[in-house]
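Contents: one structure, followed by commentary.
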Amino acid sequence: MGGHDAMPLDTLMNDAALSGYRINREPHYRAQGDEIAVFEAAWQRRMPLLLKGPTGCGKTRFVEHMAWRIGRPLITVSCHEDLTAGDLAGRWLLEDDSTRWQDGPLTLAARHGAICYLDEVVEARQDTTVLIHPLADTRRQFTLDRKGEVLTAHPDFMLIVSYNPGYQSLSKDLKTSTRQRFAAIDFDYLPPQQEAEVVAAESGVSPDMAQRLVALGTRTRRLRGQGLEEGASTRMLIHAGGLITGGIKPMLACRTAIAAPLADGDELRMALQQAIEASF
Amino acid sequence: MGGHDAMPLDTLMNDAALSGYRINREPHYRAQGDEIAVFEAAWQRRMPLLLKGPTGCGKTRFVEHMAWRIGRPLITVSCHEDLTAGDLAGRWLLEDDSTRWQDGPLTLAARHGAICYLDEVVEARQDTTVLIHPLADTRRQFTLDRKGEVLTAHPDFMLIVSYNPGYQSLSKDLKTSTRQRFAAIDFDYLPPQQEAEVVAAESGVSPDMAQRLVALGTRTRRLRGQGLEEGASTRMLIHAGGLITGGIKPMLACRTAIAAPLADGDELRMALQQAIEASF
Amino acid sequence: MGGHDAMPLDTLMNDAALSGYRINREPHYRAQGDEIAVFEAAWQRRMPLLLKGPTGCGKTRFVEHMAWRIGRPLITVSCHEDLTAGDLAGRWLLEDDSTRWQDGPLTLAARHGAICYLDEVVEARQDTTVLIHPLADTRRQFTLDRKGEVLTAHPDFMLIVSYNPGYQSLSKDLKTSTRQRFAAIDFDYLPPQQEAEVVAAESGVSPDMAQRLVALGTRTRRLRGQGLEEGASTRMLIHAGGLITGGIKPMLACRTAIAAPLADGDELRMALQQAIEASF
Amino acid sequence: MGGHDAMPLDTLMNDAALSGYRINREPHYRAQGDEIAVFEAAWQRRMPLLLKGPTGCGKTRFVEHMAWRIGRPLITVSCHEDLTAGDLAGRWLLEDDSTRWQDGPLTLAARHGAICYLDEVVEARQDTTVLIHPLADTRRQFTLDRKGEVLTAHPDFMLIVSYNPGYQSLSKDLKTSTRQRFAAIDFDYLPPQQEAEVVAAESGVSPDMAQRLVALGTRTRRLRGQGLEEGASTRMLIHAGGLITGGIKPMLACRTAIAAPLADGDELRMALQQAIEASF
Amino acid sequence: MGGHDAMPLDTLMNDAALSGYRINREPHYRAQGDEIAVFEAAWQRRMPLLLKGPTGCGKTRFVEHMAWRIGRPLITVSCHEDLTAGDLAGRWLLEDDSTRWQDGPLTLAARHGAICYLDEVVEARQDTTVLIHPLADTRRQFTLDRKGEVLTAHPDFMLIVSYNPGYQSLSKDLKTSTRQRFAAIDFDYLPPQQEAEVVAAESGVSPDMAQRLVALGTRTRRLRGQGLEEGASTRMLIHAGGLITGGIKPMLACRTAIAAPLADGDELRMALQQAIEASF
Amino acid sequence: MGGHDAMPLDTLMNDAALSGYRINREPHYRAQGDEIAVFEAAWQRRMPLLLKGPTGCGKTRFVEHMAWRIGRPLITVSCHEDLTAGDLAGRWLLEDDSTRWQDGPLTLAARHGAICYLDEVVEARQDTTVLIHPLADTRRQFTLDRKGEVLTAHPDFMLIVSYNPGYQSLSKDLKTSTRQRFAAIDFDYLPPQQEAEVVAAESGVSPDMAQRLVALGTRTRRLRGQGLEEGASTRMLIHAGGLITGGIKPMLACRTAIAAPLADGDELRMALQQAIEASF
């Protein structure tokens, strides 16, 4: 009630609400191409962004890095097929004989100016994707039906969604009316040399071992479509490296971190085992 | 408590309820044909209107413009397959040990004389479309079953729905008994010269660049049916222009704003890439 | 507590409950055949009635007219596939720390002697149609399970349902055990001369223009089965007439009020356009 | 607190609970065969009964008659596919800050010794039919899971279900484990002379007219399987007779009460029309 | 507050909770083979038991007999496809402004040391069968998620499930991971002489009549697979005997108690009728 | 309020919350290969682990052993297709006129540093598997949407899931984006000599009998794919041994503990019976 005079109570509460979503340390991110410049041009216009690419190639890390770079809080929602519009928008809670409105993650971001990142957006139900339409065009509004409130997004609100085209199926495709609202950035695995540097840095293995692991990763990615939905992600290579650092022999580490999680059937397992043996 | 004597409390509350839905500044709209005259003739008779056309061709903007023109508030509902009759009509909320009725957006519009715009109405569940039937014929009534109230619409209430015939499927078609209640206006993309003017005005690119973008848009629209559900909307061309204004090179801007969001597969992506290369 | 002595409080409350459902002015209705006599004979025995016929041919207007004629309130329910037995029968509401029973529309009608009209009854779920069985045979009772009450219908209660056989499908057929409980009246469009008089009266166009509109209506009805589920209803012809009265040219008015709402595909649209051109 | 001393409060409340279900006047019933004797032998052993036969052939009337004859209250439940176990067993209601258990119709009958009649039992969900298993074997018990009560049925409780084998389908068949618990009585339409007497008595037509109506009924029943799921029930013949008594000509009355409700398609309608013309 | 000193309040409450589930009189059971010895050996180790066999062959009676023999209360749950994990585990009830936990039948049995018998376990939903897994292996625990309690079963808790392999279908099969947790006892109908003794004892017919009824039962069981899912159970033979004792002629009694409940179609009905005629 | 000064109230409550999940005695576990070393290397990095293998081969026992070995509490959740995200994350409970948040098992483990073991994770719904994604990568966070809390996992939290590839089907497969987050350990049955030692120790049979039982187990496992989804688990062999110890003859014990639970059909049953006869 003294030094706070200059800041309305509402702002203080908003800051509190978002404080858990601020990114205080720079998340390490190695650019693959123009994506940082494109993001910044999109951010200037608060243009909604769609990040496309395989699992574990760095989309989430990129969003964290950019949120830190532009200094905005980041609210991430992992979408799934039971995610309802109410989960995103908010709901009434019963409290002490009365009801209290609780903003959902999307509302929180739109109201206070955070980045809202809907990870794997095609997994969500239709009502969720439709809910974001008026937020993703020039209106930048959405209606909290259950609260009777028309919310115009904060000037610093930005909407980002991710999508893995490799999983695309008839029932899990992005609607055209949704696609039309977004600009999109393509992601892929890092080039081998860069990927090896990341593997070495994060798992503690030697540069030589990291290169072998990346070579193995590349081999598994060639098996894609031959029973394998996706090859080993960078994350899996780091897992293998981490087990090696922890004293597990390289081939057992790769079997544990790559072959066993990826493959169930004998044939595919053997193909992965051969890729492992060829790498060490 | 003085100057307000002449206005009943109820009206003041209604005005408060609708105040968030008033459109205070003229939304820019460039007529494509007779649609303004047709809308005004329909408005004279409060005839329900169905707006048909592809995504992003200006249906929503037209409704906003007309709402401003006739001076009525506009309540927009983005329909989706989980939208229930209760979401439109209203519901009982628990409050301080008692229950309070909260009008849904359709009830709010019907009670106080706003335009209610149900965007992409075929996405809604059947109970929603049936709910609007008695509001969309000479009765202009609907029954709030859960409240036990028969509501006769305010004289200034008007019902507008939109529908994209391009997405029409067996399970997402408009019922004939619904169609029979509406007059309909067809929408399409703007003619090239007009579209270029809009792109230039909203993205800040030069007239020449705007024409190239529109030419690209036309090329993509010819790809419709060849793997593409719809070509680039005007909104996408503005996105591309905006990135260019922000310093991104034209071909990267078009890849980001048009090709990447529209296409997942290699073949379609290549066709779009060729369209881009042919445009710059 | 004075003049009301002769009327029990309960009756006063009932009258209040039904007052919104009374029809005070005669709804215009032009008989097509024996339907008024048949209705009156059915009414004498409180025989449940099924009204069959295409959308917009006057079934709802007929019910309103007859309700006015016999002087009973009319409670209309537009059925849809999410209509539950509870929506018709009633439910418990929480109120001031306690619960209060609220009669649904069917219970209200059965308890106080109104006509209950279930519009498009096949759209409702099975539990709804089964609920009306004991009300539609000699028992004239139904059990409010959730209230623990056996309700015997008021002597003036009458049950009417409507059904459009044109939409009949395996999953949306009326059960035989339901059909067996009803007498049925067939409805169709008015004869041309009568229909033209209605169109002129309700839209304000000249008799000549009304006849052209009706001729167009007849042409569209011949297209039924050729991609068109139903031809233009009288209501659509009135819409066209209303736009003409409002200053829109006849062919644009007919495209707006008839062709555009009925047809999405190019072929059907052209057939309707030809019917319009042949009419003016 | 005086004359009631001899009767415990609980019994008085039970009587009140069942009073709405008592049948005070003899329901007219004309036996078709041994069914009354079989019912009485089953009643002696409280053996569960299954009544099989077409719609409207008198199963419900038989149960009402027998309930009156043996002097037990009758609780009828029309089954449907949304009928849950909770609808039959009972539920907790919120009341004045607390919850109160409300017996469902089956519990009410089992607790106080009424006949419980589940009409069209195959329409109900599986949980409902399984719920009655322990009540329909020597245990004569059922567990109110949600109340934590094991209820042993009153000695006068009897369970009766009905079933129309004509509608039998894979998904709506009676489970063998349910069938094994019941003895069954077959029902069919009355012999012509008896049926004519019923039609004359209930509709007020002359004996000659009643015989013509029954002859028509028999003709329609021969059409079964030729597009008609079932022929005209006795109830429909009474409807036709009632319209005739009310001044409607016989052929119009039969079209209204029989042909129009039973048939939608032209072919079947014509067959019924010929049957009507052959009858008058 | 005196003699109860030695018994903690909790135990007294438990005893009250289970008192309704105690079996005070010996249920008559005639062993078919080694099942009593096998049960007792399983009981020594509290090994979960699966009882397999046709409907009405005595599985439930066997469990009641064994519960009486080992002196433990028996809690029976008839499974069905809407039985949820919450129905078995328990739920929170609202009571006097607060919530009270109510143990479900499985929790009640596990907490206080009763036998829990899940009748026709394959009818239940997957979450139910998975819920019993940790109770059916060496852990003998289960987690009441909604209560936040890890419950270790009482030393006297035993789990028994039943299963009719005759109904086995793809969607209603017991999961292998469930089967692996149980030892199983096979049940079948009694040998003819023993079955006749039971029929005579329970229905009151003469030994000769009982043998004829059993001979009929055997004939019907040979029809299994020829349109009949299962032949007449012992219970059905007792029903037929009971009707005979009540004065109904044998062939009518058998038609009522056996042929009519088992068969809908003409062919199967005739086969059963011939079996009846061959028996008397 | 004295000796507790050094320990914040929160910690005391946490300890209480987890106390039921501590494993106080060493669970017997016989290593099959490198799994203990691999687990410990994974634990050093808190790497999420996926345990793959057939039912009853010791995955659960392994987790219990390792939880005891590293001294962390273990919270096990048996997944099933009705398990929702709310079941894992937690929910609001109504309590004394207010609402209280109750952590679900996953939240409990993540907040206080327990191992969370999701048994048969593919049985769970998609929202559950997606919920664990941010907990299973470098973020080690998850958002309690309904509570508005971003929870960063306790440094000692570890996530383990199990999966039986033998049951793999299209609708019950682990998503690639989930697989990519885990390292995996393969499990299989113990080698014969070790398995016999376990059977003897846990059932009390002689070493010779234990070897015969294991030989029988091996024979049944060869039948896999020939109608049998899986052969007898070690647990089933212990069951058979336990019945033998309890006085049941070996062949009856094996029929009861192995053949009867595994097989319904005659052919498979005979094959198992032959395997039993070949073993004794």
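Each chain carries a letter (A, B, C, D, E and F) given by its place in the written order, and its residues are counted from 1.
Note that in this section a contact is a pair of C-beta atoms (placed from the backbone, for glycine too) under 8 Å apart; a residue touches a chain by one contact, two chains touch by 3 or more.
Values in this document were obtained by computation on a predicted structure and should not be read as measured data.
Visitor: Using C-alpha centres only, name the chain that sits farthest from chain F.
Guide: Most distant chain from chain F: C.
Visitor: Quick check for you: after a Cα superposition of chain A on chain E, what is the rotation angle, between 0 and 180°, in steps of 5?
Guide: My answer is 120 degrees for the C-alpha fit.
Visitor: How many angstrom lie between the centres of chain C and chain E, each centre taken as the mean Cα position?
Guide: 52
Visitor: Based only on mean CA positions, could you tell me how far chain A sits from chain F in angstrom?
Guide: Each chain reduced to its C-alpha mean, chain A and chain F end up 30 Å apart.
Visitor: For chain C, what residues touch not just one other chain but two or more?
Guide: In chain C, the residues touching two or more other chains are 94, 97.
Visitor: Just walk me round the ring: chain B, then chain C, then whatever comes after, in order.
Guide: In ring order, starting at chain B and going to chain C first, we get B, C, D, E, F, A.
Visitor: What residues on chain C touch chain B, complex-wise?
Guide: Those residues of chain C that touch chain B are 17, 20-21, 55-56, 60, 76-83, 87, 91, 93-97, 102-105, 108, 119-120, 123, 164, 167, 229-230, 232-233, 235-236, 239, 242-243, 246-248, 252, 256-257, 260-262, 264.
Visitor: Considering only the defined contacts, which chain A positions touch chain B in the complex?
Guide: 34, 37-38, 40-42, 44-45, 47, 50, 52, 84-85, 92, 94, 97-99, 125-127, 129-131, 133-134, 137, 139, 143, 145-146, 148-150, 165, 168, 176-177, 179-186
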